[in-house]
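Okay, so chain A shows up in both of these, paired with chain B first and chain C after.
Now for the complex of A and B:
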């Protein structure tokens, strides 16, 4: 992976620079603020990542939502946490901070027929906390304003001025369901700054853990869709499968969610050959049970009827909202970070795509099955022989901020900011790290859920209120990842 | 559907779960006070065929009005305090409160001081503490059934 390029811009040139990047085939990855300014991350057409940094002494910056629509929540978060006013972003609704006045964060209800349905933050099942406000006529949804961040713990700010080895636990605490994806993106970001490159052995362990996480999450999400239509038998089988994989995760890493299994620059996981063989056999059994259960779901027409044509995101909308992960691929966007990856073992990887992705609940459901089978294949290929503890090798010497060398142009340098990009179960997970020596200046986690929540709210429009749980489950986004 | 049910039947046989001699009932309401989603993922496995918590008389109910126990997870964010108190207030007496997981117990909590309370004890009277990060489904069942015996 090439290093992240830091480009210092003035607030007048920032927008133009970003526009040129995007016109050249670049992709918006995320935006965050810090005490001195804002930073916008873009992936160039060649796969290199640039950090466009812009100082905001007067707490003012130009908005980029017209250039990158999915920067909407990023700018609202930057406003709430760091008080940045985004010129052109109107209205700049609160996101993290909860204002009690409805008008500040919802669209005003107009007309005689529509009424509001308010749900949450506490829900009827075992679900994370979040509040939804639907505008409804009869059962038809006209509009949805989600309010998350009930679980905002301020993990990013709390991680500041900690040593980078200590700060990984703050990133890990964000979300247990994505613990490997999140901490791995953090580790890659740190290694990007420190100039470290994972050895083959380390990459193997990390790829294995990441795919195990994908397997249990996808199994969980398929079960969740069964629960979403009230199919108890499907939910029960997939609950069983999730449990079996979680036991495997414990066998490999010592923790059922593989927490604390990723470290910066190394891995201490050791598994002997016979246990590896056991795990391989067990996963084979799990896969067999999964396949036969899946076939039954495919031929259950009552069940399938509920999924088709519900919660559609067109390819056009998916592009606009930059939908990532299985949800994006179910709308025909083939992007998968594993194809661009050079720090893990995904050589020549190409994600399976549906023949006719239509962007509905069924497509997202079917896409998961395709990816699950690929994940089983990858894991089974990696499970050969002992797993030994491993380290990184130095790609280039670690630098202090004073030793940075400039590349390309006078105002760009590498070595202060690092970005890790990982394909988690729900899609692209990004972690940006800024170090001052070995101390965290700023860490920012932008998970796939953060990106996709915006699209989820959009795709409920025109659907029936009783289908919302199903649409929600077809994304199965985390709240914890978003709220941090 | 036949294959699914057949698979389930086989699982039920292979898991061979013990039946308790005496069954009483406890209705549980869960409330997420700012967790990492780990406790929730383990809680939702309680109903899977591997644990089948209903054999002990435990069930999750949709409203605090129907609940005997409030199970709270997470580091208790400031944003959730009001909702947790209201859920507790809506429960009929006698009611119990369970702090589930290390965060709710105030153990090794991470976050900003002005965003989190840091432990459930500071806002509600806690009757049962279930440790673990996150507690395993087994630990959760053990804790809840102990509460059943006390009742």
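Now for the complex of A and C:
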């Protein structure tokens, strides 16, 4: 991965610069605030990442929601946490701040027929805290206002002024379901700043862990969709499969959710050849059972009937909301960070796409099956021989023009920024790190869930209220990743 | 009243009131086994009833007596219904008669009292569940009444005991009337006992609930009563299917021996359906019930042809 370019801009040129970037085929990746200003991350057409930084001494910045629609939550979060006013973002509804009246964070209910249904934040099932306000006519959804951040822990701020090696545990605590993707994106961001390049051995371990995480998450999500339509048998069998994979994760890393398995600049995981062989055989059995259970679901017409045509995100909307991950690919966006990745072992990676991606629950469901098979293939190819502990090497050779540029525009070696971009089970997970020497100045984690929640709220419109759990489970987004 | 009549009455009341939770337990356990789980055993509903019975009640702020009365009314209604539904053609009269139409009315009264309670508590999920239940019952009741009417017409009586004796024996099954009514009545039964594909009794997803929704505001003894209600409904509908709509013998002894066996078989069927068939989209349910109604109408036509 090429180093991140830091570009200092004034608040007047910030919007124009971003517009040019986006018009040149760039993609908005995220936006965050710090005590002195805001930083917007964009991926250029060539794949290099730029950080557009803009000082806000008067706590005012121009809004970019009209240029990048999925900056909506980013700006609202920046406003609630750092008090920055975004000119042109109207109304700037509270997101993290919960001490506000209903009218300020939801759309007002109008007319005689529609009524409001409030769900959560305490649910009958074992799920995380989220509050959903539906505007409904009969059983049909007119509008949905989700409210998350019930368990906002201030992890990002807590990690500040810690040593970068210590701060990884703060990022890891954000969410256990995405623990590898989150910590890996953090580690890559740090290595990006420090100019470290992972060795082949290190990349192999990391790729393996990331794909294992994808396997258990996708299996879990398929089971969740089964539960959403009352298919208890499917839920039971996929629950069993998830547990089996988690046990493999424990065998490899010592933790069922692979916590603390990723470290900056190195890996201490050591697995001997016979255990690797054992894990490979076990995964083969899991795959066989998965394939037969999947076939049972495919041939169950009452089950398939429930999935088609529900919770559609058109390709147009998916582009607008920048939907990432399997959900985006199920809507026809062929984006997958693994295809652009240079720091992990994804050689000859081809994005798997459905023949006819229609963006409904069924497409997202089928997309997961495609990606599961791909992940099984990748993992079994990586499981050859011992897994040894490994380290990074310092990048040698002359700096690339991009990197030179980065130094030039920054003028000093301190306060540099690094970005790690990883394709997690739910999609593109980004971590931006600003270091002051070896001390964290700011760390920002923008998980795929943070991005996709906005699209989820949109795609429920026009669907039936009893179908919402199903639509929700077809995304199966994390609350914890957002309440970080 | 002679000895056998006493015995029949005793079995009917004992079975309906005391044994009915076991039906729910059996279905749960069978489902668990079919779905690769160990299951809690068939006596789990009793444990739950015991646990709930020992707990205090919830007094929801702002509710009136309607909320408090609803579990009592719907339970008493079902006790009467248990007395009305005979387990054999020679069951004794408990003073309520055995009129099929009274049964339909009683079930509607129970439904109304629960719906009124959710209106009283103003709980969104309760109201949603109740409104779905009532909307669906428009279709379910027509199907129920027509199914019963077919048998009533052939028995020329609305007395359930007469209906049992008229439909007894194999010769009735030569005509397509009973097989058709069996289909339509099964559809109603699945709806009324809140099973898949119409409703999912095991769900925790508030937004999808039908029968469970109005129960959310209840706790303790009230909830125990309401859970027992669902078990009693199982008894009523399974007994009706078994003694009227499925082939059965004309002698009391045969009817009595066949009852537990057939009910158990029906539990297996219910568990199997719940394992392979998922819950339908809620707007599709009226369509399923309309199919039931049309089947009952076909039975009516078939009956007219044979009369």
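Quick notes on this structure:
Just so it is clear, the second predicted complex is superposed on the first by the 463 of 484 C-alpha atoms of A that agree within 3 Å, B and C clash if a C-alpha of one lies under 4 Å from a C-alpha of the other, contacts with A are read in each partner's own complex, and residues count from 1 in each chain.
Operating definition for what follows: a contact is a pair of C-beta atoms (placed from the backbone, for glycine too) under 8 Å apart; a residue touches a chain by one contact, two chains touch by 3 or more.
For clarity, every value in this text was computed on a predicted model and none was experimentally measured.
Of the two partner chains placed around the shared chain by superposition, neither chain B nor chain C is touched by A:315.
Of the two partner chains placed by superposition, chain B and chain C are both touched by A:300. Of the two partner chains placed around the shared chain by superposition, chain B is the only one that A:149 touches, whereas chain C remains out of contact.
Annotation for chain A, partner touching more residues between chain B and chain C: B. In the superposition on chain A, A:124 contacts both chain B and chain C.
In the superposition on chain A, contact is made by A:465 with chain C only, not with chain B. By the touch criterion stated above, A:263 is placed in contact with neither chain B nor chain C.
When the shared chain is aligned, chain B and chain C each come close enough to touch A:233.
Chain A residues in contact with chain B (one complex) as well as with chain C (other complex) are 124-125, 233, 236-237, 240, 300. In the complex of the two chains, the chain C residues touching chain A come out as 31, 34-37, 124, 128, 132, 196-197, 200, 202-208, 216, 274-283.
Those residues of chain B lying in contact with chain A across their complex are 1-5, 7-8, 11, 30-38, 40-45, 47-51, 60, 62-64, 74-75, 77, 79-80, 83, 87, 110-112, 114-116, 133-134, 136-137. Contact residues of chain A toward chain C in the complex are 117-119, 123-125, 139, 228-233, 236-237, 240, 300, 302-303, 305-306, 464-469.
Those residues of chain A whose C-beta lies close enough to touch chain B in the complex are 98, 121-122, 124-129, 149-155, 157-158, 169-170, 173-177, 220, 233-234, 236-237, 239-240, 242-243, 246, 256-257, 259, 289, 292-293, 295-297, 300, 478-481, 483.
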